[in-house]
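Below are two complexes that have chain A in common, paired first with chain B and then with chain C.
Showing the complex of A and B:
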């Protein structure tokens, strides 16, 4: 009797242990993590579209059908992955991998989660370069898809076909690069033949495609790394960053918005965003106007696309400017200590005592409403935060041996601060910058909503929302979509920042 | 407070150069009398005679020459190492300085030892003060004339109140700094307040009269000094539009803001702390993932959008709650509290989780478990208790920020609070109101920071014991 109970208990423990092992195996499998999130998101969107279809009917049924089919496909694939990874073989079979090909086309209905899951599934050996090339291709395709929505409009911009051609060409180039990545980059060092591709990748930065830029400089960095045994530190950081799927998604959204604000110069018509067209005043969402029209008949979708440019611009400048000023002040204060430290920090205490949004209100009250003043106002408020972070970090670094060694060698103070101390205390600042961009976007739109941010006629997300809030009762979509855009970009920055924090964590090195 | 404690506190404060200044300012007459006595006694007491004897004794020995030789060697070696060529005279001058300094130190130390053996104390300010204060008449005289000094001394008895006093003084300086900063920003503004208020059609006489009434025709320094005076008298001046007293207007709006803030605190803490605790204890569980996703979402949602969506779904479509705030109707507080509470609970939940995770794996938690404490006691008392500092910091910062009025949320729900008051007036722009609003909010934020810092000592025994030595 007792023996039986013992065996039962043993079996229970065994099962628990097996469960833990399986969990670890699955969380280590990139195919599983991407496919799981793929079916979850696709299901949620599919159900939402189905509800939409029940009230509005028509084309929504088709969209819901496509999404639910995608969900079914991805769900089956996920179940097979779970079975095969935790099974005896421990490897995903070739048939399951073939399912990945079916998942790729869903990118054309906007489901990039399925695309990533598919791309990760079809290939057995995946390195960071392969992932980068997938994301780079995804960004290009997504721009093509979003720009193609303009085809439903009455007319397109003069440069539309030029832009589409350019991005189409770049998509083809991306595919070529992808095959080159598969051929040449799986060794310790990329093959010499990959170098021309690497330069093409770097040129992709002109189109805002940071993924392809990263791919290029990583290849070059690895190629020109003299000591093969020692890995390059910044490449390691990126590799760790790519382990966290959510932060990859965040990075993808930020980079997509960055590239789309560059692409919109060619493929979108600024006129549709700003000129009045009263024949379509307050039009409901349709294929021609995906997010409807506002009270002046301006396409909300186009306005949101052009709004990304301003949000990103204001976000970046008003984060980087205080970071440079505050970072230097903090570094100088911490390095010299004593009186210098005291004076700088007391002045910054004054700035710190005023909440940044209030300081912005005061600055704008003094100098009037304009984008430049907004950037100035947000920048001033950000200085003390960066100075404090930098100061705390530099205080830790300044006492280390290598700084003492530099001093003993007779290096000048400027050299020590800029060459030795600052590069070694950047990690928390980088994380802060990423998060700060998200909150700068939030502050910008809040101030615009109050009517004291960006000028009222400029298509900025807060401005669109402010206009939409007047028509909340009759035309709620004008306020809903810009709000969603703000949430998505801030969420993306936050996830990206979280991932960066983990990737830069010295404990994980 | 006993006389002995007063003496000790005086000695302690006089040692620190900043507090010495305080003593001079706050208790000028007492310190002056003490100083005169000190100057009179110095050099005439027993210690001085012991020192003089000792000096003669040491000067007779070769000590001075030895010190000079050692110093000369030191300076030469130094110059040699750094490849510096210094003239012989300069080297000797430097060596002489070092030697004299060393000699004086040795002499002073030896004299002190000798004096202690004979039971004689060195004359210091503290000793003079101790002697004077034993005199009842002097004590009465100084209590009357320099009572502020004694108040500060009482505050300095307790480390926590000493810390609070220090911080309060710092805060007053910061507030003056804030007035200077904001006033300067508004002063260099290219806009003309008179034209903004009176309209573009105002005649030159009207403009001049306006400027005269509000003192805008005076130079920068005079205006700045008037702002400082306003801050000291807590007056804050009158607004341009309506010419109302700003302090009264702020006081009228404060209860509304306080009410909204209180309820959003209740909402956010009610959600955030339990969610953070469960997420930390069951790390990597589905609950953890979902809760942290919502926390990040809460951080990313703009307040005004969430407010609009709540109005859309709860007021316009279903009509459950009224869309705008009415002071008499408590139901109208629900939506603003939810909107403000969401953003706050997001950051508090994240902070609770991360700081509890840091504590969770410490050795003392293992000890607590090993000695058989029930799980809920381990979690609530030991893990949460030790993770409290960052959580309290976050809550304090958010609370202070909200007390300053959340202009955006107030605008969405049409709440007549401090935030919307300042924003409304900045459209004009009503410079005194903006200035006063910023000063008021900075004051509230600074006070909240101070309260949080003092709370640290109350909730964390580690900080309390460190403060004892403060």
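Showing the complex of A and C:
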């Protein structure tokens, strides 16, 4: 009897242990993480579209059907991955990997989670370069897909076909780079033949494609690294960043919005975003107007796309500007200490005591509403925060031996601060920046919502939301979509920031 | 493999694009013009109108810059600084007569002629129309409209609003809620369904401005105080809901117009007393609102120098003299211009006890015994529309001694608004001087804070059994700046009657059976005026016409769900001139090109 209970307990422990082992195995599998999120999101969207189809019918049935089929496919793939990874073989079979090919086309209905899962599944050996090239391609395809929605409109921008053509070519170029990545970068050091591709990748930054840019500089960084045995630290940081799938998604969303802001110059018509058209006043979402129309008959979808430009521009500048000013003040204060520290920090304390949104309102009230003033208003309030972070960091670094060494060598203060101390204190600031951008976007929108941000007709997310808030009861979609856009970008920045913090944390190496 | 994928992807994309097809925007051929810079000034509350205007002007080849101001005060400051090319404004003809609709806005002496329009022909036509009877004046006002808008494009008509008011029908009796076309709401008529509420429950109304410009009737004529003043001070005549002259709830039993249309006689009531606030309570002063107060108030209104900031002088400058009639034979001798009967006969029709004697002394008045007071208003020229002006809030009757006790402390020339306190000074009242106001109307102003104003019924306002004795004891005027916030407050039950429902909210409010939305045409016109000060490029008629033809009133109608109507000028809601605004981008383009060619 006692024996039996013992074995039962043992079996339970055994099962528990096995479960933990399986869990660890699965969490280490990129195929599993991406596929799981893929089916979850696809299912949620599929159910939403099905609900839409039941009330509105028509094209929604087709969309729901596609999504639910995608869910089935991804779900089967996930189950197979679980079975095979935790099974005896411990690795995914070739048949399962082939399912990945089927998952790729779902990007054309907007499901990029499936695309990522598919791309991760089809290839057994994946390095960071491969992942970057996948994301880079995804951004390009996604821009094409989103821009292609304009085809349902009455007319398209004059430069639409030019833009689509160029982006189509860029997508093909991305594919070529992808194959080059597969060929040349799996060694310890990228092949020399990859160098031209690396330069092309770096040029991708002009289109806002940061993934492509990272791919390029990582390849160059690795290639020109003299000591092959020691890995380059910043490349390691990026590698650790790419281990966190959520932060990749965050990064993808931010970079997509950045790229689409640039692409929209060619493929979207600004007129549709600001020109009134009362024949479609308050039109419900349709293929022609994916997010519906507002009370002036302006396409909310187009407005949100153009709104990304302002939100990101204001968000980035009003984060970077106070970061530079605040960072320098903080560094100087910490390095010199004493009176200098006291004077700088007390002045910043005064600034800190004023609620930043009130300060912004005051600045705008004094100088009038414009994008420049908005940036100025949001920047000033951010300075003390960055100064404090920088000061704390520099105080720790300034006492270290290498700083002493630099002093002993007779380096000037400026050189010590900018060459030795600041680069070694940047990590927390970088994390703060990414987190700060989310809240800067939020502040921009808040101010516009209050009617003191940018001018009322300018497509800024807060403005769009404000226009929609009047119709929350009768036409909720006008407010829901800009609201979602704001939520998503803030979440994206936060996930990205989280991932970056983990990647920069020396304890988590 | 990779190549195949690449090709496949490219093919899918190309196919999907070709399949859907996408045509480029069509362009119409126009004359070559440079983007003409134009600054549009407006308040943030009219953001939507500004956006429509911006859109239309942009499409007509203008480079539009918006100057959005948060409130009326800052809008006025910008307007006075000249920081605009066109400014959005609104006009409501609260007196219900055409003269008012044109004199204040277009006449070179008009208080609301902001542009300013200085044109002798306009002035002549306005003066001509004023002296004519209603039927004869139509031609004159049509000519004025043609000259002002068609030929010169002095203002930009946008639309005429509908008046929409909503009330809680489970709370207020439907027959007690009126919706006058021009005059302010009639507070004394409101009546609760549950009569027990009348003495205990405060009726909550709402208005946007928390800072009425003044509570002296003649020192302002704007949305911040019209309703308040209209219910605080009695007039000798009133307007009906449809702008007909009536004596209901006025200080007169009856009135008569003597032959020649220059002399107007009013037979006064003796049952209205002034009220005042004493220790926070409203008390009857026992002082009769009598003929001498009428003479004082109307003389004050028609004298340009009675106060430093006289904002309603143009309404009352046609009054030559105001006298108390003591000689009964004058009424027996003169004949009524309408019926030909004697004035006395006409006046007697309004009273039970015929007029036996007239007096100038307040204490002797006793209508029940046949002793009455009669006031005679003589106009500078035959001017039948003077009755509309006498029905306006600015002709409200004040107490002579009370007003003088404040206004005699300084002279009009030396008046310094930052230091001197004149009668009706809102800042002083808010500061605690609530005993300043002696109200002759149905409601007495009690106190104000940042959130609203308390009113209590005037205990001396007509006998209890009289129809116009106020039903509800207390009225609370709540300040809610934002229209949509006011609507929300109304729907949440915090406000009982919503004076104006925006076009976007009508359907939502109507969906609730608890609420009734009343709709009617109004005299409210939204228009834009040009900056016509010296040096402004809009002194050029071609440029103004380019702007005028760019306006499409249909867009405003569409935006407001059809709850507004096209209009040609502020005259349009009162006189049918047959004019309609034309939207024509080709003409606009021609005029713009013509201007730029100069």
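Things to note:
The definition used in the following text is that the second predicted complex is superposed on the first by the 509 of 509 C-alpha atoms of A that agree within 3 Å, B and C clash if a C-alpha of one lies under 4 Å from a C-alpha of the other, contacts with A are read in each partner's own complex, and residues count from 1 in each chain.
Here, a residue touches a chain if its C-beta (ideal position, glycine included) is under 8 Å from a C-beta of that chain, and two chains touch if they have at least 3 such contacts.
Just so it is clear, the structure is predicted and the values come from calculations on it, not from any experiment.
Within the superposed three-chain model, A:473 lies in touch with chain B and with chain C [touch as defined at top]. Contacts of A:445 after superposition: chain B is touched, whereas chain C is not reached.
Contacts of A:151 after superposition on the shared chain: chain C is touched, whereas chain B is not. Contacts of A:456 after superposition: chain C is touched, whereas chain B is not reached.
When the two complexes are overlaid on their common chain A, residue A:44 makes contact with neither chain B nor chain C. Look at A:108: by the touch rule set out above, it reaches chain C but stays clear of chain B.
Of the two partner chains placed around the shared chain by superposition, neither chain B nor chain C is touched by A:11.
When the two complexes are overlaid on their common chain A, residue A:89 makes contact with neither chain B nor chain C.
Taken together, the two complexes place residues 451, 473 of chain A in contact with chain B and also with chain C. Contacts from chain B toward chain A in the complex involve residues 170, 173-175, 177-178, 180-182, 185-186, 188-191, 296-297, 299-305, 308-309, 311-312, 316, 401, 404, 407-408, 411-412, 422-423, 426-427, 429, 431, 434-435, 437-438, 441-442, 445-446.
Chain A makes touch with chain C in their complex at residues 105, 108, 141, 144, 148, 150-158, 160-161, 164, 168, 171-172, 175-176, 178-179, 182, 269, 271, 274-276, 278, 281, 295-296, 369, 451, 455-457, 470-471, 473-474. For chain A in complex with chain B, the touching residues are 346-347, 349-351, 353-355, 357-359, 361-368, 438, 442, 445-446, 449-452, 462, 465, 469, 472-473, 476, 479-480, 483, 486-487, 490-491, 494-495, 498. Chain C meets chain A in the complex at residues 2, 5-6, 9-10, 12-14, 16-17, 20-26, 44, 47-48, 50-52, 54-56, 58-59, 66, 68, 70, 484, 504, 507-508, 554-555, 558-559.
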